[in-house]
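Could you have a look at this structure, given as C-alpha cells, before my questions?
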Amino acid sequence: MTTPRYAYLGPSGTFTEAALYAMAGDEEIEALPAVDVPTALAMVRDGSADYAVVAMENTVEGGVTATLDALAEGEPLEIYGETVMPIAFDLAVREGLGLSDIGSIGAHPHAWAQVRRWVSEVVPGTTFVPAASNAAAARQLAEQEFESLAFDAALVPPGVAPRYGLAVAAGAVADSVNAATRFVKVGPPGGFVAPTGADKTTLVVHLPNDQSGALLRMLEQFAVRGVNLSRIESRPISDRPGEYSFSMDALGHIQEARVAEAVVGLKRTCPVVLFLGSYPAAHGEPTPVIAGTSDLEFEAANEWVRTLRDR
Amino acid sequence: MTTPRYAYLGPSGTFTEAALYAMAGDEEIEALPAVDVPTALAMVRDGSADYAVVAMENTVEGGVTATLDALAEGEPLEIYGETVMPIAFDLAVREGLGLSDIGSIGAHPHAWAQVRRWVSEVVPGTTFVPAASNAAAARQLAEQEFESLAFDAALVPPGVAPRYGLAVAAGAVADSVNAATRFVKVGPPGGFVAPTGADKTTLVVHLPNDQSGALLRMLEQFAVRGVNLSRIESRPISDRPGEYSFSMDALGHIQEARVAEAVVGLKRTCPVVLFLGSYPAAHGEPTPVIAGTSDLEFEAANEWVRTLRDR
Amino acid sequence: MTTPRYAYLGPSGTFTEAALYAMAGDEEIEALPAVDVPTALAMVRDGSADYAVVAMENTVEGGVTATLDALAEGEPLEIYGETVMPIAFDLAVREGLGLSDIGSIGAHPHAWAQVRRWVSEVVPGTTFVPAASNAAAARQLAEQEFESLAFDAALVPPGVAPRYGLAVAAGAVADSVNAATRFVKVGPPGGFVAPTGADKTTLVVHLPNDQSGALLRMLEQFAVRGVNLSRIESRPISDRPGEYSFSMDALGHIQEARVAEAVVGLKRTCPVVLFLGSYPAAHGEPTPVIAGTSDLEFEAANEWVRTLRDR
Amino acid sequence: MTTPRYAYLGPSGTFTEAALYAMAGDEEIEALPAVDVPTALAMVRDGSADYAVVAMENTVEGGVTATLDALAEGEPLEIYGETVMPIAFDLAVREGLGLSDIGSIGAHPHAWAQVRRWVSEVVPGTTFVPAASNAAAARQLAEQEFESLAFDAALVPPGVAPRYGLAVAAGAVADSVNAATRFVKVGPPGGFVAPTGADKTTLVVHLPNDQSGALLRMLEQFAVRGVNLSRIESRPISDRPGEYSFSMDALGHIQEARVAEAVVGLKRTCPVVLFLGSYPAAHGEPTPVIAGTSDLEFEAANEWVRTLRDR
C-alpha cells in the first residue's frame, strides 16, 4: 500500500498542517505544501495528491471563500472528514529577545486580524508587515541578516517556533479565547465513509431568486424530514444576477433515509444541487433523531405505502 | 360473471339511489336499499353487498358524519369512485292537487333544511312533518287514506314522483341553486383503480394535539411534494380528549410518487393514518403538477441519490 | 333592568334548553323556544330575543351546519360564551311500563344516531319512528291516547321525563360514554366580554382556492404569533366553485396582541374574514402563552420598533 | 455648514475610495484614510469622522467579515446608503515597461485572489508578493529605488496609476467579468433616510440553536408579511457554542408597515436583534409589494381590528 499524499496550505508550520496531522492520526502520510487552497484542491483533481486538507470556516489563514468556490467548481470532490483547531498563536522572536524589543510583526493579514487587539494592548505601537504566510515570516525572521529584517517578530502556531530556531516571546496570542477554524479533508468522489450516527452532509444549492419564500421552501425540504442544519451561507451567483447559492451542512449521512429523501426533494426543486460528501462530525455527538425520522420508521412507512401501491 | 350488488341509503327514490345509477352507468347491477349509511357500509364489510354508495359531503339526506365515521372505524374499506349530484326537489302531491292545497310537508329533516326558505316564500305558513326518509313520506302520501294523512306533500328527487303515482306541484325546489351532494362508491380494500391523471386520494389522519403547529407540519408533508387538498375537516376524537382527527381529500393517486411520499411522511409522523382509496375525481380535470413533482422528476432525483448512497 | 330573553331550539326539554340554563346560572331569564337554529338566531337579529343558545359542535339534535351557516350569513352576530354538555338520554316510557314493553322509539333522527348501538344490544328489534324533536316525541307519548301511539318510548335529556309525567325505563343511554355537545350563547355584536386568560376567538375565513399552500399560509398567520387552533373545518362555498370557507376557533382573545395581529394578517390576505366573537372557553384552562407572544413582549417589541421609525 | 468627513479603507487609490466618491456625488467632502475597516468604523464611533465607507459583500480588499463584526459590536451604527462597484484592476508598471517585463506582482492577497487565473494565462510564471494594500504596492513601485523593488507591477483600481506616476501595462484585469463589491456608507444611529420605495433594511439576528426549525420560524416572520431577503449569512457565535448569528438584508424600509411588523416579530422571538439601518437600494428597482402587504392594507386591517377591540 502506498503512503497517501495530502496537499495542504503550506509552507510547513501553518495551522492547516497541524490540522492535517490531527486528522491523519497515526497513519503515515506524505504532506505536500501548496501555495493556496485552489492549488491544493487542484492537486487532488489532477491526481498529484490523494487528499487535500483545507480551511472551511472561520479561518485565520484565508481560504474559506476560496474553499467553498473551489469545491463547487470544476471536477467533483467530496469531503471525507473534518477537524476543528483552536486558533491561538505563539509570538516568535529571535533568541534572546523579548516583548519589549518588538516594534513590528510580520504575518499573513488574516492572522494579524485575529490578534490586533491583543497587540494594541500588550505591545502598543507595534506595526504590521504583511507576509505571504505566517511561516514565510518566521523563516525570514530566522534566516535573514538581522539588519535587513523588515520586522521583529512573527505569529506562528503553537510548537512551531523551535523548528525555525526561534524563541517564544508570548504564547496564547489571540483576541478571542474561542477562536477556532474548521478544516476538512477532501478527496475524489466515491470514497465511502460509512455512517457513524454523528455525521454531516455538505451541500451547495442554487435558488432561482432572492425571495424568502424560495428559501423557506428549500428549508422545508429539511424540516419535514427532521433534518437540522449546522451551517448555512448565501452568496449571490456572480454571473447570474438574482440567483443565490447556498452552502450548508446538514446533520446526518446520505445513507440515512431522512437525509436521502431531503436531498431528493432539493434535487427535484432546485436548479443546482451539489453533493460534497457525508462524513463524521468532529464533535462526535450523535445526531438527535426526532420521532418519525429514523431509518426504521422510514422503512416501515415506505413498506406500508408499497403495499397500497402494488396490488 | 355475477351481477354486482350495491347497498345504498334506501328506500328506492332517494338521491343516493340516483347517484348509484349515475355511477353504475350501463353496467347491470343489483341495488340493495339499506336503512342508513352505517348499515350500507356494514353490508360491504360482511359480504352481503359488493359495494355501497354513500353521501360524503353536503348531503341533504344525512350521513356525512356517519359516512366519515363508519368508513374510519371497523374493517378497512376503500373508495372506488365519486359523483356529484345537484340537489333540487320535486314537491310531490296527490293527483289533482296544487300548491294552494298544501298546508304541511312531510320530509326528512335534512331535506327540509334545504328548502325552508323556498317554502316560506312560495307557500308561506306551511308546516313541517318529519319523516324517516323522503321516500317514506312519498309512499305514505300515495298509500294512506286521505283522511289519515299527516301532511299534504312530499319532497322527492326529480323524476321519482310518478313511481308513487304522485303529481309534481313544483319542480327545482331548493334554497340554493348550487346545492349538490358528493357521493362515493365504497368497496373492500385492494380493488385497483388505475391512475387517470385526475384523481383524488382520501385519508384520515390523527394529530396528537390541537396546536396549529401540528397542523402546519402535517400540511407541510403535502406542500413539499406539491400535493394540494380539495377537502379538509377536523373533528375532536371523542374518547381521546385533545386529539384531533382530520379527514381530507388530496389531489392525486397513491401510485403517483408525490402522493406516495407525502403519505409516507404522514405515516412516519402521525399517530394514525387511514388510507381510504385513490379514485378518479368526478370533475375530470387533470391534476396540476407543479415543477419538480412529476413522477419522472421524482424518479430522476431518487436515481441520482441512489448513486450517491450505493457505492 | 329587564329580564334577558334567550331563544333556543325548543320545545322545552331539549339539551339546548339544559345548556341555556347551565349558561344562565342564577340569572333570571326568559326562555323562548324556536323551531330551529336559524329561527333562534333570526330572533336575535330582529330584536325579539336578546341572545340565542345554539349547538355548535358534535350535536345530537342537529344544527351544527345550520349554526355555522346562520352565524356567517346575514346581520353580524357574536358569540358571548360556550358550554359543553355531556350527551346521554333517559329512555322515557309511560308509567308502569319497562324495557321489555318497548317495540319502537320516537326520537329526532340525530338522537337516534347516538343510541343505535345501545338499542340494538339492550332492546334488540326495536324500530325507530322519526319525530321533529325528542321533546315532541315525549309530549306525544304523554298526551295521546294509548291506542293512537306510533311508538312506545322517547329519548329525553336527563331529568326531563317527570315534566311529561313519564317514567324512566333506562338512564345513561348512549353509544359513546364521551358524547358531548358544545353550545354557544350568541348575541348582537359589540357586547364586551373581557379577556379571562382562557378564551376562544371564533373566525370564518375564505381562501381563494383549494391549494394546500393557501391553507398553509393562512395557518402561518397564527403560527408566527404563537396562536393555536382548537377547531378547524373547511367547506366549499356553494356559489363560488373552488373557493373554501374555513370556520375555526383560536385560543385567545381579540384583545390579546398575538390574536389581534394574527387577525390583522388574515384580514390583509384573505378575501373574507368574519369575526364571531371572543369569549371565555368552557374548559377554563389558561391559554398557554409561548415565549415571545405575551402582551408585554408585543408591547416592548412594538415600542422598540417605534423608536426606530419615529425620529 | 461643515464639510462632512468620511473615513475609508486607505490609502488613497483603493476601490473603497472610488466607492466613497461615487456615493458622495457632487457633495464636497473630506476623505480620511484608515488602516482597516474596524478603524474606519471606530472613527465614526469616536466622532473623528461623520461617516465611514466600508466593503460589505464580495470584496477584493478584505473587510467583509470585519465589517459585519465591527458593525455588530460596540456602539450602534447605521447604514445610510450603498453602492456597487465593478471590480477590475489596472496592472500598473513603471513608465517604459510592459507585460513581458513582469516577473512578480505586489498586491493585497484579496486582490491577488481575484486575478490569479488571468495572471496564469496572460503572464504565466509571475509570482505574488503580498502587500498591506494595493495602494501601498503602487507607492512602493513608484517611490523605491528600482534595485530594491520586491516586485515589478502592482494591481490598482482603474484611473489610479497616473497618480503614482505609473503606466498601465494591462486594463480590465479580473478573473470574472462580473466581479463587483458592495460598499455601504455608515454613520451614527438616528440619521433619517426616508423611504424611496426601493430600500433595504439590514439586520443581525441571533438564533438560540442550529435547528432548521428555528431558522424556518425566523424566515416565517418575513414571509407572512411578504418581505423578501436579498442576502442572508449565518455564522456561529464564537463565545456561545450552538448559537448562530444571521446577518441579512430585507427588501423594504423600517417605516413600511410590513417591515416594521416583521422586525417586531423578530424582536419578540429572537435573543438578539440589531437594526443596522434602512436605506435606498443601489439597484433602484422598486420593491415588489404583493397583495395584502401594502401600508394601506396594513392600516385598513389594523383599523378594522381596532374597532373589534376598542368598544
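Residue numbering begins at 1 within each chain, and the chains themselves are lettered A, B, C and D in the order written.
The rule we apply is simple: a residue touches a chain if its C-beta (ideal position, glycine included) is under 8 Å from a C-beta of that chain, and two chains touch if they have at least 3 such contacts.
None of these values were measured; they are calculated from a predicted model.
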Path length in the contact graph (subunit A to subunit C, fewest steps): 2
Cα-centroid distance, subunit A relative to subunit D, in whole angstrom: 24
Centre-of-Cα separation between subunit D and subunit C, whole angstrom: 59
Two or more partner chains touched - positions in subunit C: 220, 223
Every chain pair meeting the contact rule: A-B, A-D, B-C, C-D
Touching residues on subunit A, where the partner in the complex is subunit B: 190, 192, 217, 220-221, 223-225, 254-255, 260-261, 263-265, 267-269, 275, 291-293, 297-298, 300-302, 304-305, 308-309, 311
Sites on subunit C touched by subunit B in the complex: 36, 38, 57-58, 62, 66, 108-109, 113, 116, 128-132, 176-180, 210-213, 215-216, 219-220, 222-223, 227-236, 238-239, 241, 251
